[in-house]
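Next, two complexes with chain A in common: one pairs it with chain B, the other with chain C.
Right after this comes the complex of A and B.
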């Protein structure tokens, strides 16, 4: 605040534009700083507390930056270096007072692998069924075209929580409870409408002449799609892949209902399991949270351009 | 009817199934069959279930009960209370999202050094899993060691630690805050995109006519943002009504029933009371209301989405 007043004072007698430029700069700086604190503050706090020891994390007021950073929590996750609570040592490590690292820490990596497999499968299936459908809806003038677009978008309006009950009954009757395939199938329902939405928007923005030229040159519909349209739509395909991957990676509700053991539990389920147990070390829970956050955040930062352009393609003409 | 018109109808029908339609059908068939399996069938199955008294605690006797499940749900006081809470949660979240997203979009619409970095960082909350988001805010609101208490104490705004989520009046706003934090980036991007599509000529003309920055904002920016806002409001309303994750992770419907919203009610009824009949009925009511609401917002705010 002080510098602001000082600066505007010293600029007082100069030409007006310079002053406005300066106020604008200061204003933008303050606004950006507030925004960054709002966005990064919570994440930074989680990150900082994941490197703290149990003694440090319970200090009042909290240490914003760890005074004696430790990798103990991450070691427990990646190398299974944790102290098991047994009958012999339980008096030494009082579990009821909090501060122990659970043996379920060893499930974090397998659950991450489950999440990965599911996400990849959902991405591939989305592309296989979504791309041809979106092409047909955008470029072929057929009877029932509008109706099929609306049908697909409509299915996305139905709340997940309303689908959970019927999904559960269907999955149970198919005998697929607690299997990766149950999640792959249900995530398709969640992701396909969005995939089609983005791709139809993008294909429509490409000129019809491309399609006609390909057809005149003797391409079949399928060839027009694979040889002309696919190479042109890499940006929106990347967006679709990212959206689908992130949705599957982050999904919680359906995974909570359909998985029971580590053979199918995904990362969000394992992490959520820690949060409801009050005896577990706070810093360890936060480390698990950090592990869950890292992959999607890296993807988002790396492919920011594609995400924004993918949203744009679908939304603006919308 | 003459033979001539019959022929035309037959001809028209045949025309409808020409090469174009056939190839389109082939392209669309996979999507449609997947959606039929994973969405359309379950939804009708759920309608069917909602007419039966299906309890997993009693799997061999499943009587057909007509509309009893619906009557039971609609005459349940807890259900209407949870509807109220869902409505206030949705209103809080959506209005906060619209305002904050507009502010962020206004900032990112300016050209200044570091804008690109900032617009990338803004995406972070959108990318993180809801579970991590829940964990993050649970830890921030923590009564013993949380950041919220820490910050307020250090700023001298409180003199002792408070149990934030334990206060029934604060629970919904606090959960809404966590929800808003995660949803704001997407809304900001959608509004920013709309903002960028406003022709610069409009602003120049207004400046010539002597409009100041505030007048330009009210008379040009806000009206032009209508399509963007409409999209954001529809999308975020849908998301807020159905939201479950944070209620599960932060409060489990508590304290008392302070955060017992409809989504949570469906979960409790179905997976804790194992009453699938009433659970399905409730799911159906929620789906229809969401649907009607989406339609209503579209009709109210403008032409096509």
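Right after this comes the complex of A and C.
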């Protein structure tokens, strides 16, 4: 065989440089570890401190693993084991020793139920309204189609705070103040544009010919949507379900404006209220926080395999 | 069983006229091809038959029933799309069965029909697969199967072969022809490929800018194009067009353009009588030369060879005539050199003559 003649630089590029491979791996590992700590640190502390007493929570350095784990906070939530703190007895006990449970602790579970009802209702109504709307905007050529898409998009750039007063007047005149429906209605106004936006993008990325094929095969418009488009849009639908559920679950501002009693107050309102009690029990608030993140976490685990593809599906349409 | 009639059908997209006053009668069991360049309105016409596009004016009939606004699922049609449009979430079996399920057939009937269709298309072994596990040709067969199980009254095809490679396209063309013969239904087929149109069609409708240019059998369209558009759209390489004038000389009419002089045969000259001095365009198909015949005055074209393109069976000559490039197809026996001056005998019985301004044929007009 003929000997190949090569210049001295060739050797340099013959194989992958070893050092850079190692450096890159180590670098990536460190970077992702930092990110993990940054993201999971607060959640870890929330979880850990919810099993600590008020005294342990303030110890320096902090105990990441509780030395004297206690279920007292959770008992207070589920069995209403709390000592009411009044003006009279407030100085009898040393607050730093812990043991104070806010007077509103008994509202935590009812408010969670309220949040749950509202979130589920918002998710279902979003799908009922958003899916047909998005299909129509993506696949039916009608007069004013572009305008309606832009209008819906525009409503998303208005900050919620600007809508609070108009919303309040509407809700008040409808006589819905302090009711679950007031929140369902306003959350729909906030979330439906997003739902339609995500789904229009996704439906547009599905070929028109698929729609035509379905209709020639014997589907009405509605059947084309339910039998062909919906099964193909599961990732986008999951993204929509998660987004609307979490938005409704976490929403604070509108809930603060429209609700006054436990008949309609939601979880964020009640939890925020714990800080304005006579005494503030951080361990108890953290226990409430743990309870509050359970439903979203369950939802996320359930839909886990669809989340990533769903969030990018609308964005990267070709 | 379906005859389709377009009665003065016009379709606008906004202000754009996609189809202009279309009058067309598609016979029962006919294989009709809509042929034209992209944007000529052929797919719009097909979609109007399917009910996927609404017409703006006029009426469409299936037999004697007006169907202008009948939704697609109530029409007895099946359609094959260029992109196949298979349902990605369904298996091949379910793709084919879907139309029957939607029409509430019994499951034994569905099963029997799906398997029969799969067998005739040789895709039985693919029935459990998903569309994304199939090659282009296999997907095309599934799309055909999905349409044929329904045994529709009208079978619509929108450029079904244009995404396939050349060899597959020719074998699928034969398959489609075979399907038409065995199914005995009306086929309407849209294409921009003249070879597909010529091989498949009973009749061809040539369209351009929403207007029908000519309707006829493949032979009529090719041999007697009614205008310059039809003449130049069919034929590969395309027909040569030479601008010139008619000169009357007693009973005899001659076409002259610079060095080119053709004697018009007597059959045609009667049609052209009294057109002395008329500015015309002469059409000469590349294959209408004969390098075996003796050269006769008035039936010869002369020019300089630009280059030679062998195409296996014969060779194409690119020649410069009157400073314009023309193509001719000649046999392989004679080798021509670049730059050589060549005289070729032409078949004057196959000339086409068009008016320069109206672009209509003076020989095969209405």
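Methods note: the second predicted complex is superposed on the first by the 271 of 318 C-alpha atoms of A that agree within 3 Å, B and C clash if a C-alpha of one lies under 4 Å from a C-alpha of the other, contacts with A are read in each partner's own complex, and residues count from 1 in each chain.
Simple rule for what comes next: a residue touches a chain if its C-beta (ideal position, glycine included) is under 8 Å from a C-beta of that chain, and two chains touch if they have at least 3 such contacts.
Here the structure is a predicted model, which is why all the values come from computation and not from measurement.
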* Clash or fit: what happens to chain B and chain C when chain A is overlaid? -> fit
* Asked: With the two structures laid over each other on chain A, which partner does A:210 touch: chain B (first), chain C (second), both, or neither?
  -> second
* Asked: Does chain B (first) or chain C (second) touch A:218, or do both, or does neither?
  -> second
* To do: Check the residue A:228 against both partner chains and state whether it touches chain B (first), chain C (second), both, or neither.
  => second
* To do: In the overlay, work out which of chain B or chain C sits against more residues of chain A.
  => B
* For the combined overlay, can you note the least CA distance between chain B and chain C, rounded to whole Å? => 6
* Asked: Which chain A residues come up in both lists, the one for chain B and the one for chain C?
  -> 220
* **chain A-facing residues of chain C, complex** => 47, 50-52, 71-73, 77-79, 81-83, 85-89, 98-99, 102-103, 146, 150, 156
* **Contact footprint of chain C on chain A as seen in their complex** => 207, 209-210, 212-220, 223, 227-228, 231-232
* Structure fact -> The answer for chain B against chain A in the complex is residues 16-17, 20-21, 23-28, 30-32, 34-35, 37-43, 45-46, 49, 103-104, 107, 110, 112, 114, 118-132, 134-140, 142, 144-147, 149-150, 153-154, 161, 181, 185-186, 189-190, 193-194, 197, 227-228, 231, 238, 241-242, 244-245, 248-249, 263, 266-267, 270-271, 276, 279-280, 283-284, 286-287, 290-291, 294, 305
* Structure fact -> Counting only contacts in the complex, chain A reaches chain B at residues 25, 28, 31-32, 35-36, 38-40, 42-43, 45-46, 49, 57-62, 125, 128-130, 132-133, 135-137, 140-145, 148, 151-152, 154-155, 157-170, 185-186, 188-189, 192, 196, 220-222, 225, 246, 249-250, 252-253, 256-257, 267-269, 271-272, 275, 282, 285-286, 288-289, 292-293, 296-297, 299-301, 304, 307-308, 311-312, 315-316, 318
